[in-house]
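One structure, as structure tokens, below. Some questions next.
The chains carry the letters A, B, C, D, E, F, G and H, assigned in the order they are written, with residues numbered from 1 in each.
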Amino acid sequence: MKLWREPFDRAQKATKPAKVIIDKDRCKGCGYCAEFCPKGVLEMSQEINSKGYPLPVVLDQNRCLACGLCEAICPDFGIFIRYEKEGGL
Amino acid sequence: MNGDEACAEGAISAGCRFFAGYPITPATEVAERMSKRLPKVGGIYIQMEDEIASMNAILGASWAGQKAMTSTSGPGFSLMMENLGLGVMLETPCVLVNIQRAGPSTGLPTLVGQGDMMQARWGAHGIYEIIAIVPNSPQEMFSLTITAFNLSEKYRVPVLIMSDEAVGHMSEKVVIHRVNQQDLLERKKPCAESANYQPYKPDDDLIPPMAIAGNGYRFHVTGLTHDERGYPVMTSVAQDKLMRRLVEKIRQNRDDIILLEEVSLDDADVVVCAYGITSRVAYRAVQQARGEGIRAGLLRLITVWPFPEQRIADLASQATTFVVPEINYGQISLEIERCAQGKARTVLLPHMGGGVHHPQIILAAIREASLC
Amino acid sequence: MDKDSDSRFEIRIAGFGGQGVILSGQIMGKAASIYDKGFATMTQSYGPEARGGSCAAEVVISQNPIDYPYVTSPQVVVILAQEAYTNYGRNPSTDTLVIIDPDLVNPDPFQTPPPLSVPATRMAQEMGRTVVANIIVLGFLSAVSNLVSVEALRKAVLASVPEGTGEFNLKAFDLGRTYGLEQERRNTVGGK
Amino acid sequence: MLDVVTEANHGIEAFLRTDRIPHIWCAGCGIGPAAGCFIRAIERSGIDADKIALVSGIGCTGRVAGYVKLDSFHTTHGRALPFATGLKLGNPNLNVVVFSGDGDLAAIGGNHLIHSARRNIDMTVVCINNFTYGMTGGQLGPTTPLEARSSTSPYGNFESPFNLPHLMAACGATYVARWTVIHLRQLERAIAEAMSKSGFSFIEVLAPCPTLYGRMNKHGQPVDQMHSYQERCSVKNGANPVDVEIDMNGPIIVGKFIDTERPTFADHYMQICDKAQTK
Amino acid sequence: MLDVVTEANHGIEAFLRTDRIPHIWCAGCGIGPAAGCFIRAIERSGIDADKIALVSGIGCTGRVAGYVKLDSFHTTHGRALPFATGLKLGNPNLNVVVFSGDGDLAAIGGNHLIHSARRNIDMTVVCINNFTYGMTGGQLGPTTPLEARSSTSPYGNFESPFNLPHLMAACGATYVARWTVIHLRQLERAIAEAMSKSGFSFIEVLAPCPTLYGRMNKHGQPVDQMHSYQERCSVKNGANPVDVEIDMNGPIIVGKFIDTERPTFADHYMQICDKAQTK
Amino acid sequence: MNGDEACAEGAISAGCRFFAGYPITPATEVAERMSKRLPKVGGIYIQMEDEIASMNAILGASWAGQKAMTSTSGPGFSLMMENLGLGVMLETPCVLVNIQRAGPSTGLPTLVGQGDMMQARWGAHGIYEIIAIVPNSPQEMFSLTITAFNLSEKYRVPVLIMSDEAVGHMSEKVVIHRVNQQDLLERKKPCAESANYQPYKPDDDLIPPMAIAGNGYRFHVTGLTHDERGYPVMTSVAQDKLMRRLVEKIRQNRDDIILLEEVSLDDADVVVCAYGITSRVAYRAVQQARGEGIRAGLLRLITVWPFPEQRIADLASQATTFVVPEINYGQISLEIERCAQGKARTVLLPHMGGGVHHPQIILAAIREASLC
Amino acid sequence: MKLWREPFDRAQKATKPAKVIIDKDRCKGCGYCAEFCPKGVLEMSQEINSKGYPLPVVLDQNRCLACGLCEAICPDFGIFIRYEKEGGL
Amino acid sequence: MDKDSDSRFEIRIAGFGGQGVILSGQIMGKAASIYDKGFATMTQSYGPEARGGSCAAEVVISQNPIDYPYVTSPQVVVILAQEAYTNYGRNPSTDTLVIIDPDLVNPDPFQTPPPLSVPATRMAQEMGRTVVANIIVLGFLSAVSNLVSVEALRKAVLASVPEGTGEFNLKAFDLGRTYGLEQERRNTVGGK
């Protein structure tokens, strides 16, 4: 079931290159990030962490808008966007 | 069934049809059980906005003729103190359950404590005497809740059930026996005609019959010092008369009220005195000590208030030492020390809460005491 | 006085909140005390978390009334979380049967005897409802020990789960039991 | 012709504990007239007085429970409402009236006030607003207008007061009115109406406290505050509760602001019981 | 590229007590996202974080004080507001934020809530409304919609809930808004706005409690409640607080309802001090 | 100036600049005086919605760096208990004044009582130790209020002033001496850098330095059981460590804290032990007894909690009898009985409140005791 | 100072013969009855009662409308209207 | 120890709330302790009523610190209400000076010696402000006794009444004093 979604300030962020990082120890597998990512970048996987919670995986990093929604909605401070420095590391 | 649930069942069996409460770990299951059971038996379950309101609601319900109960733990118990005093002053039968956790303040909400024992006696301002009983198993949570209602109705006083998280959350088989009507005590009803009824005119037993609202007595009751008509009288004479009666109606009936369990005390040199969950640990230690040939016994306080002063005094003459394990930093041990009058030593075994004593600690204390 | 010591059995189940640890304990207790007509006490300890905090149930089973209700030398320890393993599972006394969920607990490779394993969480996930992991564990337990009778356990499961889920839970129980019976090393404890 | 007061010749005497009168209220205190209105409201409503339970908290107003001959409960400060809730739910046949002060009901008792209204417990609350704590000697209260003097605001009050009808409206009270003790017949009628109606009713009664609030605020004589009411009040039934704030010397809107219906706590609860019992 | 979370690469880490995380909240609990919004609001507002005092009561939400790296006070159940009042008046340079649950603030703490709003104490209150008492296992609370299940309303709830924005409006709060944790940017902006503004601000945040409220009310999966918000919410800034009641399954109005100015307690008090000192 | 007013003046002199309260007879005059004085000295007077709020507001103010006070009487004192516990748990300096009236419940609001003495020690749930001092004149209401602030700042604990209506409403000349800055104690400030600061890491004296809000420490405090970082730790080990420290920081400093006034005790056979207004009545009776040649003396408890156990024990070895007049039905007398260990008798002279003992009653008890 | 006054249901009551009775022990001399009587039937006098409160007196019984205002407004239940029985006692 | 007994004087003023009984006591005490540089203690008792309840002030004056602060055998008793008369004024010891307001108290006609009378309430009413009745009584007291000096009393009055009312109160004081001096029987007590 996929519902209407609100892409958060897509305009500003869409161009910045970014990487989605998941902290597996913090994640509790609620599925918000996967469910509400406006571009379907994430998906819940069969992998479970040490507490038995299922983990999300990044399906396709390139689709990511760097909108920050997953980071903001994650109840566990467990996922975040690492913006690449201009010109790389 | 756990102890909390058994308590709720005991209340239902005792005829309690009004429960007002506010959730708090580890007492919430009492309320939860009541919220399931009461609508089925036509009683009222109401979740009040806080513990102060809960306490007052059960007082009101009691004056409407109901047997009423509330349950809480430390923080809520503290909040109930002022209006526990109102209950005492209005001589309102009701039952207040405290499933003790470790405090002070929010402390360890999910873990056991016995730190509110003195508060049960002294937590409200002013002069009063109270009844407090301490079950040590789910089965007793059931049966002593019935006892609590009976004492409360008989003596027209709020009765406290001072249980603890360990007993409240312990699951054991509970036999819910049907209670005979004649085993349930009810408050005395007035026989005077309504025009002559005086709400605080006691019978010889110091307890006044109790009218309830809506029956044409047009009575008045007040938390102010009052005379037999229930009218405020702002004098030390009225205060003296009222206070003595309120206190004496409990003290003079100590023998009827106080329940004790005694194990191997006949020849005991070392008396372990304990209550609630701690008594079950102590039991094990006493067993072991006996196994080692030490003349140890267990005095388990079922009734903690009024305090069994006489029994302690008697044992003090017989034994050399009281060993008092409690999950606090010394409360009931102080009372024992007082009543022992220097005739026997009192050894406190404090546990700060969040767990129970290891039986070995009590055993060690018994051993040491037996050497004195 | 010393009535319960000879027939006394102790079980500890430890994991974290949300795994149904307490419920398993209650089912064990109910099976022993109500359906097997003995005595049982379950005590619990848990933190403030509704989910995810560490949590343990201690069950004492006896033919006689139980005075001291805590576990001191358990015959069976069920471990469903790493932290619980560290606290209770790593150094059992030699006659203690240790059961773990290998997806949640990384046992010490040198532990002897090695603990029994039942991947209950994964099995439950495969059944479609992770919540029945605890029932799978009970089924497993019924296979590898005989502290309480299988029949009593099944009845207790039925009496303890939400209405309408009985059959599903019994299926989970049987799954766990079958898995347990299949395990090569049968370690039966409790002489009853 | 007899010049003595007997029950036969003075209607409300039958409802007074005459053995306790003269009462403790000061000369010109507005609590007495309000209590009189309550008694006449009982007569007007035709409700069986034996079935009325009167509950007060602590305060000068709280003493009403001691003077009116009904089953009457003088509880603790702020706790009249939860006590009354227990009474009402414990015996649904009781007609429960809470008669207490603004400090009692809205300061220390404020939480019970909003929750009782929210639950729509079937009772009538008469709240005497004398703009101060009378019993303790005239301190600042939650109804004291800005700038008013009190024994704890000697330089003038610095706390904005409640607009009680608005507060009650926001909590879902089904009957909300405000009168002063100069509006004797309206007040009597309002109390009778509220008592006859099911649901949570709240009547704010402005009443002089000449001894304290009056004296500290240039209304030293009892009649001064009464005159001020006369001058400042206008009746506006159905006024929006948002608009009925009271300040120190400005106009005061009185009237019946809300009179509506919604299921009471007991109504809802009975449904639940049915459900539970047939289950 | 590093795949570990460090303060450098994750903006809000600097505001978290990372040594206490993972936190105790359940999978999908709405408190976390709300706390995140608060942290980003601090950054957005530019307020000196050293001058912010965070006060919580007891409850799942109350734990926020323990996870956010500010001077933070985890008080007792219901008492965050008076504690915060003492902090703010004791040191007017503090920017005081109260972050607590609906039960904490509106059940046991209801009286403090209405009085703090009335006094217009300069602080920001973020109230997580998950429609239940989370910490104690999902009992009926003053925000539980009629008919909803809870562990103490097994046959459905029989108490009408508060409309919190209306209550706050009636008490004179100068900023009142409601958002859900799906309205992440709006919520962040609202908190920043409230913190930057003087006066009493109240922000109701609807947040899923999948473990208890959700599970008992047919929203067993975390995402279910989020979807329900998406479906039911419509934004109506400036809506009349009277009209924003929430029921079990009906539409929910979110938005900023009130944003106004009136003198704070401290403003009034300073005037009084001047008067007293020149006297 | 009456005792209440003198108390307010003492607070101002001690540097108190924050008062939160709720009116109640007979403590209202403390608040009234503060409401007049504080705006003049730039302090905050706030009248809260109830006593619970008052108690919390002073805790908050204390963490904002203020010396803060509240005042109340029995009913309000009962309501403050829960959050007195929070004050203890957070180790928050503050002063709480109880002008005792006769209770329980609303009781005799305008008349004297001493019925809250045990409540002062045991009124909140859980484990704690507290400091309570009892003035017996308006002059002492002034000076002991300063002492109370000093103890509170020094030991980081709420300090109770357990006065009574008689002293609170008694008017006598009060000398308001200027207090030297060095006679005012202030809480220890942290010297650790903010990054390393641990709010509950004690120094050797068991007392941790206290940061206040707004100074960049970013500290966390909680009413839950916590470690030195202030983080909640839900174990009995953490509870044990914390409780022992909270209790011991008071108990180990008994000698520094306890104040007693001793009159003619050197050779006393009969020791009258009293506090507050009752001590002034007792003084008269002891005088008269001495006039009759009886070897009577007065031990006046200025500090009641922590209880001067040792001094009582010592006197028990010297004297035959303790005569204990108190305006309650026996509270401090129980502590005396306990500490006397059966070595001396304890004779309680209870007065139920609403007035004070007649000196003749105390004298009669002394006479009788002297015959034993 | 005489202000606007509201005669309470004068219509119904005006015809009944009545007598104003003052209970001197209860009266506290607030002056409401005298001040608010729509017909000026009462006046505060120099007489004081045992507690020192000045008492009202009936100036002219015949002007009385028997409207009941004095009875209703008296804070002390100290003044009342005795309606004569039809046909007298 | 027994320092205060020789120079100790006791006064009781009793009436009802609103008469300024407590204020009179405070003025007496202030006069003695601050302006006459002695010691004084005033204790009070009153009921819950703001006005009209019975109420008493007890003043003890001494050259030495006062331990026991209550009145047991007063030298002067001022009675302003019938109830107070019944309690305190009817059976004084022979050396007690009793003063009443004859409009408020109906004394026992056989009482010997008959109490002194000052119609303070009426006099105050005539001055236009009943509240000064208590000050008139103090003036009267200053004339018929010399427990405290007139000057100290006048100073204490000034220091105790609301700002702006000083002069009016002193007028009342003088009125009472003049009335007292005019009274034939001068009963001076207190040897100071």
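Quick note on the criterion: contacts are C-beta pairs under 8 Å (C-beta built on N, C-alpha and C of every residue); 3 or more make two chains touch, one makes a residue touch a chain.
Just so you know, these numbers come straight off a predicted model, no measurement behind them.
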Requested in this report: Treat each pair of touching chains as one step and give the shortest count from chain F to chain G.
Outcome: 2
**Report entry** Between G-H and D-F, the pair with more C-beta contacts
**Finding:** D-F
Query - Distance from the mean Cα position of chain D to that of chain C, given in whole angstrom - result: 61
Query - Gap in Å, rounded to a whole number, between the CA centres of chain H and chain D - result: 41
Query raised in the report: Using the average of all C-alpha atoms in each chain as its centre, how far is it in Å between chain A and chain G?
Result: 82
Requested in this report: For chain D, write out the residues touching at least two other chains, lowest number first.
Outcome: 22, 25-27, 58, 74, 76, 107-108, 110-111, 115, 135, 137, 142, 153-155, 159, 265, 269, 272, 275-276
Report summary line: For chain A, residue numbers touching 2 or more other chains are 28
Query raised in the report: Taking each residue of chain B in turn, which ones touch at least two of the other chains?
Result: 25, 36, 39, 49-50, 52, 75, 82, 85-86, 105-106, 109-111, 222-224, 232, 234, 355
Query - Residues of chain B defined as touching chain F within the complex - result: 52, 73-75, 77-79, 81-82, 85-86, 88-90, 100, 102-111, 113, 115-116, 118-119, 121-128, 222-225, 234-240, 242-244, 247, 328-329, 331, 334, 337-338, 340-343, 351-355
Query raised in the report: Hey, which residues of chain C end up touching chain E in the complex?
Result: 18, 47-53
Requested in this report: Note which residues of chain E are touching chain D in the complex, please.
Outcome: 107-111, 114-115, 118-120, 142, 146, 153-156, 158-163, 166-167, 169-172, 241-242, 262, 265, 268-269, 271-272, 275-276, 279
**Report entry** chain C-facing residues of chain A, complex
**Finding:** 28, 48, 50-52
Report task. Spell out the residues on chain D that touch chain B in their complex, using ranges where they run on. Result -> 17, 19-20, 49-51, 53, 55, 58, 65-66, 69-76, 79, 81-91, 93-94, 111-112, 115, 265, 269, 272-273, 275-277
